[in-house]
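The data blocks that follow each hold one structure.
Next, two complexes with chain A in common: one pairs it with chain B, the other with chain C.
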Partner chain A sequence: MEAIKLDIKKEKKAHKSQTGLSILWREIIHDKLALISLIFFIGITVTVFVISLVLDLDEIVRVDLFAIHEPPSRTFWLGTDYGGRDIFGQLIIGTRNSLLIGFIVTILTGVIGVTFGLISGYFAGHLDNVMMRILEFFNILPFLMLVIVFVALVPKYSTVSFSLIMTAFLWMEIARIIRAKALQERELDYIQASKTLGTPNWKIMFGHVLPNLSSLIIVILTLNLAANIGLESGLSFLGFGFPEDTPSLGTLLSYARNPQTLQDRWWIWLPAAILIFLLMLSVRNVGEALKRATDPRQRRG
Partner chain B sequence: MSFLEVKDLQVHFPIRGGLLNRKLDVIRAVDGVSFRIEQGKTYGLVGESGSGKTTTGRAIIGLNTITSGQVIFEGNDLTENKNKRLDVRKDIQMIFQDPYSSLNPKKRVLDIVAEPLRNYERLSRNELLERVVDLLEKVGLTAESILKYPHEFSGGQRQRIGIARAIALKPKLIIADEPVSALDVSVQAQVLNFMKDIQKDLNLTYLFISHDLGIVKHMCDEIGIMYKGRYVEAGTTEDIFNKPQHIYTKRLVAAIPDIDPRNREKQKQFRAEVQAEYQHSFDYYFNKEGLAYPLQSISATHWVAMPEGGS
Partner chain C sequence: MWKFIVRRLMIALPQIALLSLIVFIIALMMPGDALTGLVDPTLDPAAIAAQRERLGLNNPWYVQYGDWISGVIRGDLGQSFRYKMDVTELIGSRLVNTFWLSLLTTVITYLIALPLGIISGRYHDSLRDQVITGYTYFGFATPLFIFALVMLWIFGFNTGWFPTGGSVAPGLTPGTWAYVLSKIHHLLLPALSMALITTVSTVQYLRSEIIDTKQKDFIITARSKGASESRVYNYHIFRNSLLPISALFGSDIAKLISGTIFVESIYSYPGMGQLFVESILQRDSSVAIALVLLFGIANILGTLISDVILSLVDPRIRIK
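== the complex of A and B ==
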């Protein structure tokens, strides 16, 4: 027995390199652009979350009439807006809020979509039929309009409640992909074998089917993260996202709707615009590399 | 009371289509199959692809829904109360045709073989490890393989992992669905002989599904021949291979290749005879729809599908 235990440790090391996750990782290492993007994204995320711990939000969003529209200087690194509020502070807090929403929405849509799709695809038949009709109902709802209604109805909303409303309309695509994959997977012999071995359905779904979809799920979620960050910024830009006292990348960008700001005061909107662009691009680069890794013919690593 | 008795088993698959996905017609995959197996014996189910032999096996273990008929296992009718199924599952296990898709590629051998044990027996980690190593040794794999993934094994080894999983719960009946047809011929014998060995050791009963008559002759005590969801002939291996009665069986037996070149002419002539008989007596052996007639007994162990009053 001792000998076997010793072997376990050794073998674990030797066989770790065969799993799906390591293939994804290898692809990123081999794609320099994706690697740089990943480092950049992690760097920005860590920086933003660490600095925002130090910054005082109330201090930043307090209106200071003596410092309106200051260009970048030593006291205000990126100048101030029309309320005399520090742009740099808003940028940090705003990026944190945008990323936070991106993460929360991606994870929530992931959990709901994967569970829904897995159940629907695994059981197939009538249940699948009913669940797909429910999904289609959600699909035809006009997303933008309902978000506008929500913003009008709820006077004071937080990061969490805003994430929830976005989640409610964004889980369908994931569910569809997972369902299609689960339908394929359930016909394979190893699922039939598990059934004859007396494994309960939920265990087969989450213990056998899910691990086989893991790389696909990671790819979808990464690509969705980029989309969700963009979506939040878009909504805030249109004025249906966060109010001004909760800065996000979108609210900073929306200052550019003022022609004077757009022309003369670049420091208010340009940093936010560049940051949105870089963040989405880097997440997308990583996502595309992961997507390639799931198809052996496209792999580079 | 026999060990396993199948009575008039029918498995129909609906053909859906038209408006509102109505049931238009059914495919009679298994259309009234009856047989019985004694404990410790091997029963062969033979037929061309699409004849319903796999469906029969899968219906017995519960992977396909039974339309009508009875499956009586040790005196319990498996079709009657579904609740009893779970207990019986322990005693009936299946070996799958394709060793490549029947093992979860994301699981280690340890988890694959331990799956049935985890479902039915409460064992500590060490006991479990011991049992799995024991099972793997029984099928001729080393203890080191428990932490490998299925793709690190050859087809024959994978099939033996599948067998280890099937015998983990010490079942009484094993349904072997073309267990070697996906394997290399050189490995086939190895797996088959191994299956025979464990049959003796564990007192197993096999329902052996195959289209390879050579293997069936080697493995089985009794044989049933299926054609389009029905039985055409059933009997002992002796009956089927030496005294085939139905034209379909005759054709199957005639198709077994003979490697001795001296018999080539004889074999050729024999085949021509059978072919001629097939052509002029097809209407006699099959009804208007081209299906086999109900079985009629011609000896204590031998049944043939014949029209009423025929001989």
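== the complex of A and C ==
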């Protein structure tokens, strides 16, 4: 008797470890590249946020006409820009702002996209039809141009309005994936059972369906974070990103639109370019590893 | 077939109408109207007011929308405040440049994607495949504008192999051989930098599609019939793997649009993307509005075309 009991316990334990987030976590631990990327990303994030707490913002953006376009030296680790401002300090602040907007936009698009997709997929039928037409319309809009137009239009432009504008045109991809999943999920027995028991729809949606999609949502959001960091820096590069008083990584790159800076003063823009590349690469590595974890065919162990 | 196309058009037309409405609302929100830039600011305010009344700028918005849209259909997009010329004419002169850039980019994209995708899928897990997937791996993580900037830095400024701006060397007469060559020379670097980045998704799709198709029953049948390996790949597998590629074609247009905005501003290439950024910075509303409308319509037509191609390739979609 005892032996059988033990077996059941073991089985339960083995079964438990197969659920949800632990699979994602295990995949990350086993994938060396993803683990290193995750540590790198967290390291950069923590460093940047801690240093920018200590660093004096006014000191960095103060114009110093005696130190214009200095190459890297001991006082200015990465040289200075056209206003004599320290590039290294701007890089720290810029990374912080870029990451911050990346997180904000990813979370906002996640909330809107997941809710939209969940409602559309769960109720299906006519509501789904109408909501999909709305989504399709957003999808065919020339996204980049409209963001630029709105950034130029909005009076009292700030970081908040910038993230809202980006969110307004970026939630559709998430909504579409979640909807497709929710459509499959609603046909499953456990949903039918809950319905028969009289569980209210919203409770089924957010209490039953949503937890089952959680690992998928984490994967999409991680991959989106990488894309959003790139998009923000691209917009700032064109001059339609952050307001001028908050530099981002894209702002540093936008100095390179001046041919002389691009040609002769690599220290202004190259570090920012490499940093954006490394950040996007590391977030993508984590995202791809998570994606593999959610697909049982590709999962290790 | 025709039924499908007609039904698809029935979706696209309202989309275009809705798009035009949104663009019009944006136009109303923009600073300045049809008169700014046309009149002398020292003119008597009463005279300006009379002009406004005459042009119908005091009408309710739906009447103004009707006026505007009928103008757009006739090809009248207003006046550029900065260039002092018709927007239609201005865009027309830039459209050609963007068209050639997009065409060359698309050609290069597929010239890279098809062989790489096929090699990578056919010999998957070999060294060749690893090199190619390594390339797509980095390509996915590199933002286009950074890549274009680095390309310009290396091949434009440091080695001097390519020109760093413009669409043609000055002083050449249109129509001559030297003129055409100079155009191509100016086009090559921007098109290459855009294609090298946009092609990675196509390579990856083609690769995974070929790997999937490889194990299907009809391929085994073809092999057992004695079809040669190259025939199996070039004829049976390749044709069946084209489906996702044709679906991607429509989204390529959307990618080209945002791509040209970045690439043209980086290479100061006088196309529509650069014109758009300029017009926003210089508050040249009528030009910006017209460009949003045009690119939006191009986007809608792009998805339309890709749906039609899909229905040609895959009959299952038609029946639905």
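Things to note:
The definition used in the following text is that the second predicted complex is superposed on the first by the 279 of 301 C-alpha atoms of A that agree within 3 Å, B and C clash if a C-alpha of one lies under 4 Å from a C-alpha of the other, contacts with A are read in each partner's own complex, and residues count from 1 in each chain.
Keep this in mind: contacts are C-beta pairs under 8 Å (C-beta built on N, C-alpha and C of every residue); 3 or more make two chains touch, one makes a residue touch a chain.
Everything numeric in this text was worked out from a predicted model, so none of it was measured.
Applying the stated contact rule after C-alpha superposition, one finds that A:Val149 touches chain C and leaves chain B untouched. In the overlay built on the shared chain, the residue A:Arg257 is in contact with chain C alone; chain B does not reach it.
In the overlay built on the shared chain, the residue A:Thr115 is in contact with neither chain B nor chain C. Legend: residue contacts after superposition of the two complexes on their common chain; A:Thr294 is shown touching neither chain B nor chain C. By the touch criterion stated above, A:Phe237 is placed in contact with chain C alone, chain B being left untouched.
Of the two partner chains placed by superposition, only chain B is touched by A:Thr196; chain C is not. More residues of chain A are in touch with C than with the other of chain B and chain C. By the touch criterion given at the top, residues 1, 4, 7-8, 11-12, 15, 18-20, 188-190, 192-200, 208, 211-212, 214 of chain A touch chain B in their complex. Residues 136-137, 139-146, 148-149, 152-153, 226, 230, 233-234, 237-240, 253, 256-257, 259, 262-263, 266, 269, 273, 276-277, 280-281, 284 of chain A are the ones that touch chain C when the two sit in their complex. Those residues of chain B that touch chain A in the shared complex are 58, 61-63, 86, 89-90, 92-94, 96-98, 101-108, 115-116, 119-120, 126, 129-130, 133, 143-144, 146-149, 151-152, 162, 165. Listed in rising order, the residues of chain C touching chain A in the complex are 11, 15, 18-19, 22, 26, 29-30, 138, 140-146, 149-150, 152-153, 157-158, 164-165, 254, 257-258, 261-262, 265-266, 276-277, 280-281, 288, 291-292, 295-296, 298-300, 303.
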